[in-house]
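What follows is a pair of complexes built around chain A, which joins chain B in one and chain C in the other.
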Partner chain A sequence: MNTKTVISLLVIISSLLAISYAIADQATGVIPQTGLRNLASFYLENTLNPSNKSYWTASPEATSAIVWDYRGFDTFFETSVFYLAIVGCTLVFELYEPPKSKTTKQTELGLTIIVKVITKIVGILIVCVSASIALHGQLTPGGGFQGGAALAVLPILFIITMSRFALDRKVNDTSMIIIRALGLCGIGITVILPLFLGFITNNNAYIIQNQMKPDALVSLPSTIADKMMGGSLWMLNVSEYIAVGAGFTLAFLLLSLPERSFKKILEEEKYATY
Partner chain B sequence: MYELILIDVFLAVISTVALIFTFLTIMQKDLVKAAIYSSIESASYLLVFFLLMSPDLAGAYVAIGIGIYPAVVFFLIKKTERYEDK
Partner chain C sequence: MIDLILTIIGEILIAVGVFCSLVASIGMLRFPNFFVRLHAATVGSMGGSFLPIIGAGLIALGSDFPDKWMFFGGLIVAAIIVMLVSPAGSHALARATHRARVAPVEPKVTDHLKEDEDEKEGEKD
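And then the complex of A and B:
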């Protein structure tokens, strides 16, 4: 261990001790707070309150209710940021013609057959678990983003074990863009659905409204076949699941493009310029 | 009471492990090893979130921190160089 490393360690440890001492000495206020804040009390009292449905969300999962109902606009804009990030990624990796593999035989691509078979079995499990996380988002911890992120592990495994070209034969960039657009359309439709219902029933309604409010008597179905669905929460979770899963898959397909294809195009453009 | 103390001790240990692996990530010249250390740091924070009773955050962290983030870094390392210049 050289002098530089020792000094770095000492700086980190002393900073950690100083911050810990400041927090323990209540420099940042009383931690933990002795009581609930008013906002937290409101959420806990109203998220699932069948006796007073004035501001309820019909979901026992308070986090999902806050994310998609009480703070729906925040999540909507977060989804927009992710959408724009994927658009940026697509633009950076834009190719005039996607590269093709030199070999057409499936067995020549990727790792051994044992790894490929195990990956396929694990892949089924990943799809089931991720769908479960997303579809139960209104009942248990999880939701659309968590499910979509779990699903996005699948293309990584397939790219590593079976190669990018093998995956490209089944899911290409265009299909992922279309699936992601469908997911985003699902979010858009769910967001404006209360307005449409309000227009039909001649009631006041809000964007991203889930259950009825004192001044807006429009509700999306809280139960389907006696199962608690949380109104708009499950629709938004499923749409987000599709959008995030397809968005990440698209990003990985683009990131795993071989370097030679870019170099070739860049060289062609260089000669074309001169 | 003892359970709460045990959770506090466990949190302190996990946080220290995360700190050690953060330090190793910064100091490591081999970028592949640095990505793996960073992934272990993420796994430590995942346990912290779980113990602090935020399973929603842990759910996102397990996929992003351990699955997607190291994979993205590996893809990028493949496009550049594995070893950082001194």
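And then the complex of A and C:
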């Protein structure tokens, strides 16, 4: 046994002892209470309560209901933060011009044909699985952001296996910005839709309202063809899915740029006189 | 009756998966170099993940969940993805290692990749 093994054994044993001491001595902080808090019992009672529809969300999935209905504004601003991060990313890479002439053949770039074919097959599966995560967001665990993040695995796989230049021919930065803007427009329309409905039916309405409240009798369709749709939840999930998928794709496209494609411009800027 | 058969088949598949995972971990520890260990790792991912996922799907189908077909479908899709991705991944790893020449290609009968590379280099010269 050399010194390295002894040290790693000592580290493992001491961290095990520390963790077990912490757990045994309740040093992990306050033990959470076993009963339900008032807020939790409110959510559990009202999320899917067909007999008392005054605060219900028409969604069997409480997490999605909290994220997009009870705590809708919070999620709205999270989406804005993500949108601003992508805007910052595009601004930083503004210098880049896509390469015009492709001298290298596509077949010579990337990994072998086996990996490329498997990537194409798996790509279809990724689109299906991510769409099901997003579209079932109001029924099962999942939702728009999770679906979009799963969809964003696809461009990474394509960048690794086919090379970035092959992906450049299929999608470009501008189309991704447009698709992302479409997703965000969907969120905006869904958010304002209750106001229009309230205006037409001469009722009170709130922004991001989903189902009717005691003082605002406007509700978005809770079932479509006998399937629970959760009113605004599925619209917001689909819009978020499109926006997040396109946004992540854009970020990965920009981050995978080789440095040499904008290094020259950077050097010119360094010596420029302002 | 059919539920019981499905559950038993699922449990057998999970047991086979446990065996394959054990064999793979022994192989990862005992095999001499990268390429042979890669074989053990693939045994672990195909036998140790693909089969148990199918088994779990069959057990879900044999029990009386509400929405059991949804669980079964999800597990089958996951199994298909594992089945497709794991060999392609190990292929890419092996190819990259061979090209980088960081691991000895042993034990070997022939090395067609090296012959191809030599031919290409010969054409360049």
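Throughout what follows, the second predicted complex is superposed on the first by the 233 of 274 C-alpha atoms of A that agree within 3 Å, B and C clash if a C-alpha of one lies under 4 Å from a C-alpha of the other, contacts with A are read in each partner's own complex, and residues count from 1 in each chain.
As a working rule, a contact is a pair of C-beta atoms (placed from the backbone, for glycine too) under 8 Å apart; a residue touches a chain by one contact, two chains touch by 3 or more.
Predicted model only: the values in this text are computed from it and were never measured.
Colleague: For A:Ile133, decide between first (touching chain B), second (touching chain C), both and neither.
Modeller: In the superposed model, A:Ile133 contacts chain B only, not chain C.
Colleague: For A:Ala85, using the defined touch cut-off, is the partner it touches chain B, chain C, both, or neither? Pick first, second, both or neither.
Modeller: A:Ala85 sits against neither chain B nor chain C.
Colleague: Using the superposition on chain A described above, determine whether A:Ser256 touches chain B (first), chain C (second), both, or neither.
Modeller: first
Colleague: Decide which partner touches more residues of chain A, taking chain B and chain C as the two options.
Modeller: B
Colleague: For A:Leu10 in the superposed arrangement: first (chain B), second (chain C), both or neither?
Modeller: In the superposition, A:Leu10 contacts neither chain B nor chain C.
Colleague: Kindly classify A:Thr63 by the partners it touches after superposition: chain B alone (first), chain C alone (second), both, or neither?
Modeller: A:Thr63 contacts chain B only, not chain C.
Colleague: Touch test for A:Leu111: chain B only (first), chain C only (second), both, or neither?
Modeller: Touch partner of A:Leu111: chain C, not chain B.
Colleague: With the two structures laid over each other on chain A, which partner does A:Ile121 touch: chain B (first), chain C (second), both, or neither?
Modeller: Only chain C is touched by A:Ile121; chain B is not.
Colleague: With both complexes superposed on chain A, which partner does A:Ala152 reach: first (chain B), second (chain C), both or neither?
Modeller: Only chain B is touched by A:Ala152; chain C is not.
Colleague: Following superposition on chain A, which residues of chain A contact chain B and also contact chain C?
Modeller: No residue sits in both footprints.
Colleague: With touch defined as at the start, can you tell me which chain C residues reach chain A in the complex?
Modeller: My answer: residues 70, 77, 80-81, 84-85, 87-88, 91-92, 95.
Colleague: Can you list the chain B residues touching chain A in their complex?
Modeller: 19, 23, 26-27, 55-56, 58-60, 62-64, 67-68, 71-72, 75-76, 79
Colleague: Looking at the complex, which residues from chain A come into contact with chain C?
Modeller: Going through chain A, the ones touching chain C are 111-112, 114-115, 118-119, 121-122, 125, 128-129, 140, 161.
Colleague: Would you pull the chain A residues touching chain B in the complex into a rising list?
Modeller: 5, 8-9, 12, 16, 63-64, 133, 141-143, 145-146, 149-150, 152-153, 156, 248, 251-252, 255-256, 259
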